[in-house]
């Protein structure tokens, strides 16, 4: 007996809704400083940077999710649950972002922040597997997937490296996390130029 | 005179929006602990567990809602109102989740949490009736509905049992609620394996 | 020169999103009581009632909005702006709901709450006019509109009556507001029965 | 090798979700005043005005975004990233709105508020460029774009003027920002009249 399949449109709409809320409520964690004028603004600069990092992280996952889901038109229960698992993992990001902000980027909170990113990467990997399983039944996996996979492994390595790094130098660990963002955003920009010229 | 029918797409979009916000704003109830390091993280572990439980609860309802609504393409006013009633009931979840968290899982708050889940189960049951009424006019109810119904009755029984249980042992009551989640998630995983092999 | 028209799908999606967030963030205004056990729950009962009222109010507008917008497939700039005006007016509801809750239903806050509902009713009326203008160009206004219009005028009268009433007896004013909700929900339920039998 | 293109529907849905959340969570920044009665309401009037301003600002961008995106049916990675950049810039608005509200419209906070609007205008300009690049490949840019561009430049000039103005007279600076809103809303209303008569 073949299992029932669901069209992915509501899955996409729900995921878009959850990701839109996640990316936006993080701004509620930013607190207006007590000091007036420029002093106040400078005191919250690290907070603003962490917010930018979390926003970029969620954005990149939205693009990857978009990229992944457009290849299937229907999905099974396994994909539904794997997707909910991924949304759960990324829904913790605003909390761990608040953690880092309130603890002023101390070692432990930066390590937690990196660990939460690894957890999200792992859940996204499970979703990727669930989708690949569906694809194997219908069309073949294309070579471009290899390049993306390599990028995912590199990202994961950097997140994992950030945890012990946070113990000695929290800002360097944040730097490693920032590097992941750059790895994803920059080539996308460059690729376009090559494709155009 | 036949009553006017509405296409369900906006109903689905609105429900997805409300459920996406509900599932995500619960993260705002998680408070960063005062203690630094691992002690702080351990102190909030029960909170994180309740958050996971509420996330799973809302997820399962989203899947059930998805499953239910895809069987109709148009709905009447009764379905619109029953759906809003269901959304109201589930919108109380973040509040009762915060209740349990702030009261440190005491008997009364866990009983309230279970009661709020029963209320949601009851409202979803009304929505199910309203949809079944529409289906009877167009196509026949399929046998698979019986299995789902049995699962709904079992869940309800566990939620109801959780209320007196909370009086004597709040953690056992939370265990009963967790069991409901497992009843829904596990077979879905298993079913897939069978369907594949 | 004929003005450009926009398909209404994004207008509907955006409105659904805004209404979904409005209806859900109101739950954040509910505060867990300090008292443990039943005493605590009883102390927040009026708050829960006001939340139910605001939820019902927003729901009814969502249904009316749904009903109104489905009659046009394209809209002009005037409709876009009238719709944003309506969304602005209803976005104030969570604030005035919080107002009533924090001020323990005192005369002034209940009057403000009613005034905010009148403001929303007025903005929805402007949106209705903007849509009617479009409809006049394409198809004719149907007779059913008359019945809805009468219901809108009755609602407005009750909201306006609630303002002076709030001065003498805030709870009676809340009763008048509740009555409006019943006027909208009950006949919809009854109508169905008639249509079925 | 031609680059892959994405349909814009999910981009629109995600942007609608983010903008819907941004526009609505700002209401959470409004705090119920301590004073009872009319005194309390009057004390929060400036806050309500800033909220109206931010709501109008976001609304106008939603309309412009709507207007821009409907001209393309597919987009490339550059548009995806430019759009996320735009969403990031506008997601800061609730924070800078809270800033102005908490600092009681002092010079520095009003200047920051204007600066955040300039940043959004700049990011929207980048999105506009990315879209124009796609359009050049498919259809021609229409003359109406020129008029909109002139309006964008005028808005930018007023925002930039608001920064030094805020130093001497914060309320005048808020006036300049209000003027931008009027420039966008009024002609849209007038245009309709002309088109109709």
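So that you can tell them apart, the chains are marked A, B, C and D in the order they are listed, and the count of residues begins at 1 in each.
Just so it is clear, a contact is a pair of C-beta atoms (placed from the backbone, for glycine too) under 8 Å apart; a residue touches a chain by one contact, two chains touch by 3 or more.
All values reported here derive from a predicted model rather than from experimental measurement.
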item: Chain whose Cα centroid lies at the greatest distance from that of chain C; value: A
item: Chain B on chain C, rotation in degrees - Cα superposition, rounded to nearest 5; value: 90
item: Interface residue overlap between copies chain A and chain B, same or different (over half shared); value: different
item: Distance from chain D to chain A - Cα centre to Cα centre, in angstrom; value: 26
item: Chain A: positions in contact with at least two other chains; value: 13, 17, 20-21, 25, 28
item: Chain A contact footprint on chain D (complex, rising order); value: 1-3, 6-7, 10, 13-14, 17-18, 20-22, 25, 28, 76-78, 80-81, 84, 87-88, 91-92, 94-95, 98-99, 102-103, 106, 108, 112
item: Residue numbers on chain D that touch chain C, as the complex places them; value: 12-13, 16-17, 19-21, 23-25, 27-28, 30, 32, 36-38, 40-41, 52, 55-56, 59, 62-63, 66, 70, 185, 188-189, 191-192, 195
